[in-house]
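Written below as structure tokens is the structure these notes are about.
We call the chains A, B, C and D, going by the order they appear; numbering starts again at 1 in every chain.
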Amino acid sequence: MMIIMKASATPQQVENVIEHVKAAGLAVHLSQGVEATIIGAIGETHDIPLDRFEGLDGVEAVQRITPPYKLASRQFHPEDSVFSLDGFRVGGNEIVIIAGPCAVESRTQIVETAQAVKEAGGNALRGGVFKPRTSPYSFQGLGEEGLEYLVEAREETGLPVVAEIMSQVQLDMMVRYVDVLQVGARNMQNFNLLRAIGETRTSVLLKRGLSATIEELLMSAEYILAGGNQRVMLCERGIRTFETATRNTTDINAVPVLKNLTHLPVILDPSHSTGHADYVTAVARAAIAAGADGLLVEVHPDPSRAVSDGKQSLRPEKFAEMVKQVKAIAATMGRRVAPAVKPVAVGWQ
Amino acid sequence: MMIIMKASATPQQVENVIEHVKAAGLAVHLSQGVEATIIGAIGETHDIPLDRFEGLDGVEAVQRITPPYKLASRQFHPEDSVFSLDGFRVGGNEIVIIAGPCAVESRTQIVETAQAVKEAGGNALRGGVFKPRTSPYSFQGLGEEGLEYLVEAREETGLPVVAEIMSQVQLDMMVRYVDVLQVGARNMQNFNLLRAIGETRTSVLLKRGLSATIEELLMSAEYILAGGNQRVMLCERGIRTFETATRNTTDINAVPVLKNLTHLPVILDPSHSTGHADYVTAVARAAIAAGADGLLVEVHPDPSRAVSDGKQSLRPEKFAEMVKQVKAIAATMGRRVAPAVKPVAVGWQ
Amino acid sequence: MMIIMKASATPQQVENVIEHVKAAGLAVHLSQGVEATIIGAIGETHDIPLDRFEGLDGVEAVQRITPPYKLASRQFHPEDSVFSLDGFRVGGNEIVIIAGPCAVESRTQIVETAQAVKEAGGNALRGGVFKPRTSPYSFQGLGEEGLEYLVEAREETGLPVVAEIMSQVQLDMMVRYVDVLQVGARNMQNFNLLRAIGETRTSVLLKRGLSATIEELLMSAEYILAGGNQRVMLCERGIRTFETATRNTTDINAVPVLKNLTHLPVILDPSHSTGHADYVTAVARAAIAAGADGLLVEVHPDPSRAVSDGKQSLRPEKFAEMVKQVKAIAATMGRRVAPAVKPVAVGWQ
Amino acid sequence: MMIIMKASATPQQVENVIEHVKAAGLAVHLSQGVEATIIGAIGETHDIPLDRFEGLDGVEAVQRITPPYKLASRQFHPEDSVFSLDGFRVGGNEIVIIAGPCAVESRTQIVETAQAVKEAGGNALRGGVFKPRTSPYSFQGLGEEGLEYLVEAREETGLPVVAEIMSQVQLDMMVRYVDVLQVGARNMQNFNLLRAIGETRTSVLLKRGLSATIEELLMSAEYILAGGNQRVMLCERGIRTFETATRNTTDINAVPVLKNLTHLPVILDPSHSTGHADYVTAVARAAIAAGADGLLVEVHPDPSRAVSDGKQSLRPEKFAEMVKQVKAIAATMGRRVAPAVKPVAVGWQ
């Protein structure tokens, strides 16, 4: 951590900052230049917030040299994190395709979709049962009833299931049903929720917030990792910019940047990041080409009857075509889409 | 609500959309132009999500004419909402100044600050006890101990107290202590929390999310209002943009826009919206000049020792100067800063 | 074009708007709903600005149904535009790779780079001779001397050359030297320059502005097309967002969106859109996977000695590896990188 | 300037960077820490681009300590720049109000507006004669004919005139007519134009680009100052963000930030920064309260007949009310709106 002093800083102010650095348990490396005095604060700085020094008199700016996250950092964990989801592995050479409707609407709808997803080559089933809706008047999800339908769909197909959690209050119930807890964009900095999830050992799909930086996404992952839960996948789902031609702007740069900074698997959600079914396949291909470890895609047997997000949902046949194209691209990179799930287990755990 | 059909839409697709509109309990007004067919959906549309129609075949775009919020709208409630906080009123001709440290750090710190705030002419005391920190390693607040200190500060000064709530789990405890529940930017779309707060009758200070539109802020207020809690203040606290010279970009436009769209009081937080103590006073003046109903300002007796946000905290004497300048501007607009709080009540409720 | 009247609009105001619509040579289609009166303005609306009606009394909003560009629109020109650059074609089944240094620095540097580009499989040579630099104190390019070196590099390798034009004053000179005029992001809305270029028949590479919408990019292309110059390639080069981990945010969505909206070829510049050599190859692959018609890549024989943009320039061997990977992805999509340029012509025109 | 080396940098790489620093005429201050080696580059660094060092092997990041602009910096010119425009002064204690229509449409329109502006207390007249329009099909301005009308309006009222220049080709003509050259947002980084203007001695109103940072605005001012033209006013006119409720987002923070960083006068344009006549007055008041030295406001005698920007133009009576309110706020800050212009001079120069 470097603390850059103002040109006008007095020796007393410099001395005062040095004392604060030492009080934080850090060693000091003083560099008195002509333009500026720089105080290097050396040691375990990732757990020290910048604002501990920014408010001190005479300080111009404080800057990190090493990242503020540690458990999520590739620096301290150079190999890719790989963890098994029932039937396939996430984060290694294989690419995972998670698909399903925005919301679980009925038993029939979700089972039918699950079968279509499986047939097309998908590896896991998504479906929301608690829906974060902008309006209090919109459909808010089926709740526990929806979880039961998801489990039925899993029993029918063998596909592990992913559903979004919106509050720590739902945690105990959800871990009993789902294979992967999805943390949505709007909850990426719901720190109470992250901390609670960190204490479980359920896999997590952590989506990037609408205006979260890549560093903030990693800091949120750090909350979960710090609790001891290592099973975290990151998900780029588009950021909010000035462009209105698409629902969000897919930050494709985030894929290689994250692969460089962290050992955690990186998934991309082309449905939310574009908001239009017409653009999903192109961006899905791009994600894999950029090095993503998987995709999260909205699929609905009849998008025109979807209670939400119909506009961005693929029909099953279009999804199957997408999987085919993605496989071809993965192959050029020496990767493959994870094979069909194992036969349905009796006594799923 | 207008549903604009694609130029290529077939009569069957138009017919199908019309049926969906009717099924939603809305009347249909068909307008077949040369460039496009437009289907007007007439009735109570604020509780119908756009995506109910967007996914239908042949639909180009769906657009609202009336806003998706109703309780928050000035259209249905033309007069300003005014509600009393103990000792002064919010939302009328008077301007409210809420001030205090980012975090409650100790009994002494918060009582001392409260006295300085009162002396300088502030009307309410803020202080965080649960802190939403980007890093899991940062100070996360004193919790209930901090709430007790806040109450002591209130007893000493008579200032009502404002503290941030981060989870619905904290709600029962917090309503026993605080006068105003602050919902932070990162929780503006924590819909479970909003819904829970809507069922209380405690006043709420709802902060705009980092990348939330003005409409989304009003939709979040609608969640609280829909529960029956009418005591909602909105707070502009800066949005995230490409500019890095300041911590956030104060969206000063939001003040007159919100005053136009809603009857709810509008507060501005120049501390977070600038991130630098040097710029707080100028932006506080601007907020009042733009028509804001109040300010939320970080004040710390010794910013250089603040555990967080020291950089953007005003010293008490600088805060007193700010209040003076703000009063002068308010006077030119026929408004005044609410007078000093009433004498400390025995048996505060 | 739809003109949505305010709920409070009087019959006189509606009548007045109708007269304005007729005066603009458009037919009127009136739709009087319960929520709102909508006036459809029918006819050739692409050349009528919205603000012609927005300021009229009683008008709530004006909205286009058909796009404001016509020549650039795929609606009126469903087939891809394909045009020949010497030695290969742009915009068809073949993918073009334009590469070279940020700035032409010397005869040796540019000829050496051209040879490396050709050898690696690139199709055209880029090199700036007028550099738009943020600072007046930075190197501003070699000017005409640089153009001469570019021509020498073309003579040595047969690669057509691309260079940026910054002002209409440079136009006469530049068309004598270069094969493709590049219009940089900062000049995307330099309308005088666009108009001047529209009157030439030289090919153009039009880069998207830092905060330009996709529609604005197409409107700028329309300026050139309206002058009669049909040889326009569009270039996504990253947009400015809040994310600071990369120089810009590659808007990969723009690729399929543009391919849908326009018949013009779409190129992507992963060097500027990421700003880091480490991320260029991943994003180059993504661009082709998303359907881009080509790439614009910074290559320098010794990035550490580049006078500008060294950080984002690929070394020749890394570039060769990128071309190889891009070819593999193109192949999965039934496309190919344009073959090596034709033998150097005597008497190049 | 600090050059932060990667943790993995070799001694040879450090040595190589040091040589490059020396070759740039700078002194070296080496600081070898545990986390990182930092090379301080000391001397006249404002004219050295960061990318001179960023591309060197082993370099993690390069950071400025002193700003890259010098002539525009308050550091080297602590007093406010004040310069006379005919009849009043810009940049001192007085506030300047420049008003007029978006475009000069006719002799009558501009003379009538000028009289209204003068009567309401405005100090200068704006009016576009070359209009940067997004569409090639929109009205592009009256050109030199418009300049003649502007001069007539000046002769009638004594108000100095401001008009936008779009290309260096127009420079010779424009300096013969106007008192202030306006450089629009889209040309803020048209460096050829800036350089050409720097060689005149005509006053300049330099508008911030839609997505330009404050530092980039100052760098563009530096281009003009470096040519010897000291008469530069800066203009905040709203930046592009995700918010769509207003045309742009007024960056009110920019006012105190600019006043801190530079000695140049700072003007705010509430017409473009909001895009709605209803919000102009509130934001005009905010600008003055924040410390701006003036306003640029669109006024039209009949906004509903304006050829452009009618939606954001004030009627004369609303403008007069705005001036009144602005004066009251200025008074609380010990400032005043510059008094009426001097009597019309015979032989205006």
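In this section, contacts are C-beta pairs under 8 Å (C-beta built on N, C-alpha and C of every residue); 3 or more make two chains touch, one makes a residue touch a chain.
The shown structure was predicted, so the numbers you read here are calculated from the model rather than taken from an experiment.
The chain with its CA mean position farthest from that of subunit C is B.
Each chain gets a centre from the mean of its Cα atoms; for subunit A and subunit D, those two points are 41 Å apart. One simple way to say how far apart two chains are is to compare their mean CA positions; for subunit B and subunit D this gives 32 Å.
Shared interface positions of subunit B, defined as residues touching 2 or more other chains, are 211, 240-242, 244. Shown here, the protein chains touch in all possible pairs. On the subunit A side of its complex with subunit C, the touching residues are 211, 213-215, 239, 241-246, 249-257, 260, 273-274, 278-279, 282-283, 285-291, 325, 328-329, 331-333. Considering their complex, residues 16, 46-49, 51-52, 54-57, 68-69, 132-140, 166-169, 186-187, 189-193, 195, 210-211, 216, 219, 222-223, 226, 240, 303-304, 306-311, 313 of subunit C touch subunit D.
Residue ranges on subunit A touching subunit D, taken from their complex, read 1-2, 4, 7, 27, 29, 31, 33-36, 38, 40, 42, 45, 60, 63, 65-66, 211, 240-242, 244.
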